[in-house]
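Next up: the structures, one after another.
You will see two complexes here that share chain A, one where it goes with chain B and one where it goes with chain C.
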Partner chain A sequence: MFDTIDFLNYLVNGSLVGLLYALIAMGFIVIYRASKVFNFAQGELVVFGGFIVWWMVIQTGLPLFVALPLAMAVSAIFGLIIERIFFSRLVGESSFAMVMVTIGLLILIRGLILLIFGPQVRPFPIIFALKPVIIGDILIPRSLLIGAVITVIVGLGLSWFFNNTRAGLKMTAVAEDHQVALSMGISVKRSIAFAWALGAVLSTLGAIIYLSGKSLNFLASDIGLSALPVALLAGFESIAGVLLAGLIVGAVQGLVTAYVDPVVGGAVGSVFPFVIMLVILFIRPTGMFGWRTIERV
Partner chain B sequence: MDPAGIFATSFARDAALVRTRPQQIALALFLIFLLALPILFGPRLLAISTLILISSVIVLGLQVTTGYAGQINLGQAAFMGVGAYTTGFLATKLGFPFWLTIPLGGCSAAVFGFIFGLSAVRIKGFYLALTTIAAQALFHFFVLNLPWFGGSNGLTLDPASLFGFAFATDISIYYLCLAVAALMTFGAYGIVRGRYGRAFVAVRDDDVAAGIMGIDVVAIKATAFLVGAFYAGVGGGLWAYFVRFVAVDQFTLFNSIWFIAMIIVGGMGSITGALVGVVVIKCIQEAFVSLGPSVVSQFPSIGGDVVFSLMNVFLGSVIAAFLIFEPRGLMHRWNILKRSYRTWPFPY
Partner chain C sequence: MKSRRFKWIAGAAAVAVVTLALPASAQTTYNIASIADFTGPYADIMKDLVGARRATVDWWNEEVGKGMGIKIGMKDFDGRYDAAQTASLWPGIKAELNPVAVLGVGGPDVAALQGRLPADKVPMLMSTAGYGFAWKGDPWIFNPRPTYGHEAAGFFEWFRSTRGIKGPLKVGIISSEASPAYVDIAKGAEKFAKDNPDKAEIVETIFTEVQPTDLTTQVGRLIRKGVQVIDIQTNTAAVVATKRALQALGKADIPIMMSSHNGLIASGKAVGGMKDLEGDYEVYGMAVPTEQKTKAHDFHQMVVAKYKSQATWSVASVMGYNQTLVALRAIEAAARKVGADKVTGEAVRTALLTTPISADQTFSILPNLTYTNEAPFPVKGLTVNVATIKDGKYVIAAENVPVPTIAKW
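Let's look at the complex of A and B:
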């Protein structure tokens, strides 16, 4: 009845998907960590990045090693434009207003994507070879494995950057309090601009790993919401913690999809992260590694 | 503020909703207009008006939760869906009459909303908003997997009927929605002016101060969700009888976002603002939808989907622009105008 190899397969693949969520969640966290804005439009940024890559590789026919860095640069500029148009005007406003603006952005970016690229389903370029990696008896999609390595490297690098460098600590100060940061001589605007550029680049990276060899349309933005529980489990401030959180959520989701779904006959796996999210919110709202600053009543 | 020369001399007058004779006349004219609307408008505009009435009920609830009590609620469409499904289930499977199913739909949505509002015990701010996103996901899951709701096929309803009279035509369902919406609007004015409404505003403005004043902050936040979800549930019930078909993809996160857009444009913390926001956003949506095909037929190079995406672009920019330039919405502009008119020629 119980098959160890199957179990390992589900576990490993679930964890790797979890690391993909972690990469998307890193976009949330970077923007939160440097500007105190919770970005509901993260999923749309992923789709935008995906479409930029699609356009450059499939439509324009650029080789991958040119197209991918160029796509990242374009999405960084897109992040900067968002900051310049919307958030530079909102410095010092309530976080309520900022969160609401990201909701407006969600509709706006979705509309822009539909306007520019249309609602059709597009084939996404194959960036990582489709042939799975086989270790022992475990089959692993190549894109997820390479993606996981990239995620871990990026996560540890960003974590070092935010905790150990002067620029990173400045941004951390902005996340704590805009006014205090301003009075310390830190440029809040520059920090927010950097956050959005970085968030957009991370989203594009996430799109490349998530979509490689699959199809792409605007509905791919759902991954933004799926990544939310990961960010929450880690705590919104911890970049390295999100790696561990991604592993946990992904592994649990993978196992639930494999073993509970057939019993119940439904998509328990897809809703399970939200159950985790609710449980975290009730038991430990700061997540595993968040700062203990969440105001409690 | 009241116009010059109007002084309340009794408590009843000070508490009155309609304060002056011109206001009474304006309200009466507006009600006559609403009652005569089926005669004035064609079937398409009538259907849009019915949709506006249904949305107003839902958005009034959101206004109480988000505009008055300051709790971001991204699950209003899910709460609406709970109401719609409860109504549909009670009407089709148990054969309840509509005057029972709609309030019961509201109550079940209220319970659902209250559960999520209770998370205010532990958390606040936008973390609370995240629980409402979870509400959205859980709603989809339960509807698709519990055996009573027809799964992905949805539920099909018979028309509402009262003493043998069936609300089957567009005009009769319009009057049903109008009656319910008027009742709910009146109720909303009552709630926000009363003890609970003041507690909502106090919690929104500063919950620590509100707690020190003796307000049970957690209970008030949960109550705000309860009231908001009740309104959503009633609106969902009306929706079920209007469309007579309930399916899970009518209640998505995107719909919740539209509802939030309506209160942002209309004005946070104003019942009238909620109504204004619904009318403005719905009219813009319908303008795009109905003008779109004719524009496309004139210029065939523009595809039909361009119209839909332009609508999203336009409304996304409208939301952002309102938050940046006028966070208090159209109603605030109107109040500024009214005030300056009343105090003219003096600045204040």
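Let's look at the complex of A and C:
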């Protein structure tokens, strides 16, 4: 029998999870906009950020208000190091070469995490209170709710930054074409470096929301894969569009998990976002809000 | 004079050579392939599991094998808990080691090799519970424990009678489709409930990600359906996410039942403290690694002291000990039957199927084992042990709990 309260619970919770995916997907998009690189190692950046937070809060005992900004700063530096070592040398090279480097980066970061932190499952600190927010009969996990608010603020803020500030517009020009940007006196390397730092910070923010009160090991990187359909649905250039895409993917996934999974006895909900992704790639490869490129021969 | 001295030296050298060569020529070396998971989901327990395997081989070589003229060599391979990886490793393992036995980690190894081992005539020994998809006659893969479904059913029966529950026990299952073994685990418990509606009712099976984002909604649904125990035999991340959901919903008193590979100690570390798991349970058909003095614990302490084992006393090390002991006892039995220099994988398998292994031979790490040709695990006299957290301490809740019969699924 159809229960409206259940439906609303699944819809709201699914949407909030979708906004978490959107936050992770912003990392993809920020890096893509600056360097035309699809970063396969985005999930690993989430894990790296998670381990930095774990190390600062649990291992060194720093209070959250010190540890969290410090973790963001460390992540930004990590992003800059990645750019300096790997990508600054690849300006002007083919996108394919850069994408291949991100696959190597995925393996490298995973190896480093295993080497430094080990494979053990670690308790992630409780950043947001466990008690859910209850509105009428709708039960909302607090971490996801606060995370959704943060995601919307960050998404709108970044959208404004890219469309209205000098630095943001420079990055947009870099995203259009490296050679043209260079000819206009824009530092492509600096734009790409900033994008990697920002991408790493967004990943750490995602880790904080995703892992609050849960457990952490290198397998948490799977969330990067879950965020992929959101980035594709939005189109790889649209920051604001990723919010809407996250809501759509999350809500659909939540409802499919609730109503289809019990019927078929399987995790259709986990697969469904990828079905959406394939359909999008088939119908509209640039996504809902992606830039249409016109190539003249 | 010179010639006499030369004869003495030559004679002494010959005696030395013969003396040194004698034991070497009398000792035959056989290899065991040790499949591990150093970079996959169970990488966190490999130090203990592989450490225990190695310590057991060292102990056996010194205290048993030497007397029989057999030495066991063992080499680790990273199967990553991935069927494709294990399948791709296998031809190389076979060519390099020509093993007489393989030690596996879990379901992916079974899925990868169950079709290959009969042709290659090498038995594989597992440390885990068995799987429904591998429940076939004429086995080449052997589990020392019944299926996860059997172990869960043993717990359901014990829990129901301990709590004095009159009707069926209402069980919620949280599993994942990340591995065929996880799906099979859920199917086993579902089969028991289906065939015994008066004893157990599965209110819902929830499939989620390996690292769940949030389970509050799903656990809330289980609570509304009156769940009395939540069965999680997948991983620690699922236990932590479920515990957080129960705490968030103010229902932390609903117990979670775990297995060996995601048990109380591992999940306690992942959740941040044992106190969060007060009243939860783990269940499996092997020794529980509490600090109590037992034969199994004594064996562990002996190999740590004498063979410098790095393994700690944990569920993972108990798993490492159990499969290695079964493998080595089977090699012993095979050597007695066919001769110490004629042991083959096939002879080891025949020994497993024809020679019972007593609890004494495994230092009570396992109960008495009698394998038959009808299943990869002993089908009679099955029991499980139950552990819990009581007043913050890891203790045995029940031992030798009988396992009910479950039809194949």
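In this text, the second predicted complex is superposed on the first by the 293 of 297 C-alpha atoms of A that agree within 3 Å, B and C clash if a C-alpha of one lies under 4 Å from a C-alpha of the other, contacts with A are read in each partner's own complex, and residues count from 1 in each chain.
Everything below uses one rule, namely that a contact is a pair of C-beta atoms (placed from the backbone, for glycine too) under 8 Å apart; a residue touches a chain by one contact, two chains touch by 3 or more.
Just so you know, these numbers come straight off a predicted model, no measurement behind them.
Enquirer: After the chain A overlay, clash or fit between chain B and chain C?
Expert: Result for chain B and chain C: clash.
Enquirer: If you stack the two complexes on chain A, which partner ends up touching A:L90: first (chain B), second (chain C), both, or neither?
Expert: After superposition on chain A, A:L90 lies in contact with chain B alone.
Enquirer: With the two structures laid over each other on chain A, which partner does A:S143 touch: chain B (first), chain C (second), both, or neither?
Expert: After superposing on A, A:S143 lies in contact with chain C but is clear of chain B.
Enquirer: I'd like to know which partner A:V101 touches here: chain B for first, chain C for second, both or neither.
Expert: First partner only, chain B.
Enquirer: I'd like to know which partner A:F38 touches here: chain B for first, chain C for second, both or neither.
Expert: So A:F38 only meets chain B here.
Enquirer: With both complexes superposed on chain A, which partner does A:L130 reach: first (chain B), second (chain C), both or neither?
Expert: It touches chain C, and chain B stays clear.
Enquirer: What is the contact status of A:L112 with respect to chain B (first) and chain C (second): first, second, both, or neither?
Expert: The answer is first: A:L112 touches chain B but not chain C.
Enquirer: Contacts for A:M72 in the overlay, against chain B (first) and chain C (second): which applies, first, second, both or neither?
Expert: neither
Enquirer: Could you pull out which residues of chain A sit against chain B in one structure and against chain C in the other?
Expert: On chain A, the overlap between the chain B and chain C contacts is residues 110, 114, 118-119, 265-267, 270.
Enquirer: Under the definition above, what is the set of chain B residues touching chain A in their complex?
Expert: For chain B paired with chain A, touching residues are 70, 72, 74, 119-127, 129-131, 133-134, 137-138, 140-141, 144-145, 207, 211, 217-218, 221, 253, 257, 260-261, 264, 303, 305-306, 308-320, 323-324, 327.
Enquirer: Okay, in this complex, where on chain A does chain B touch?
Expert: 38, 85-86, 89-90, 93, 95-97, 99-101, 103-115, 118-119, 225, 228, 232, 264-268, 270-271, 274-275, 277-278, 281-282, 285, 294-297
Enquirer: Which residues, counting only chain A, touch chain C once they are in their complex?
Expert: Touching chain C from chain A are residues 6, 9-10, 13, 17, 20, 110, 114, 118-123, 130-132, 139, 141-144, 210, 213-215, 217-220, 222-223, 226, 254, 258, 261-262, 265-267, 270.
Enquirer: Tell me, which parts of chain C touch chain A in their complex?
Expert: Residue list for chain C touching chain A: 38-39, 41, 43-44, 46, 176-177, 204-214, 216-217, 220-221, 236-237, 240-241, 244, 247-249, 266, 269-273.
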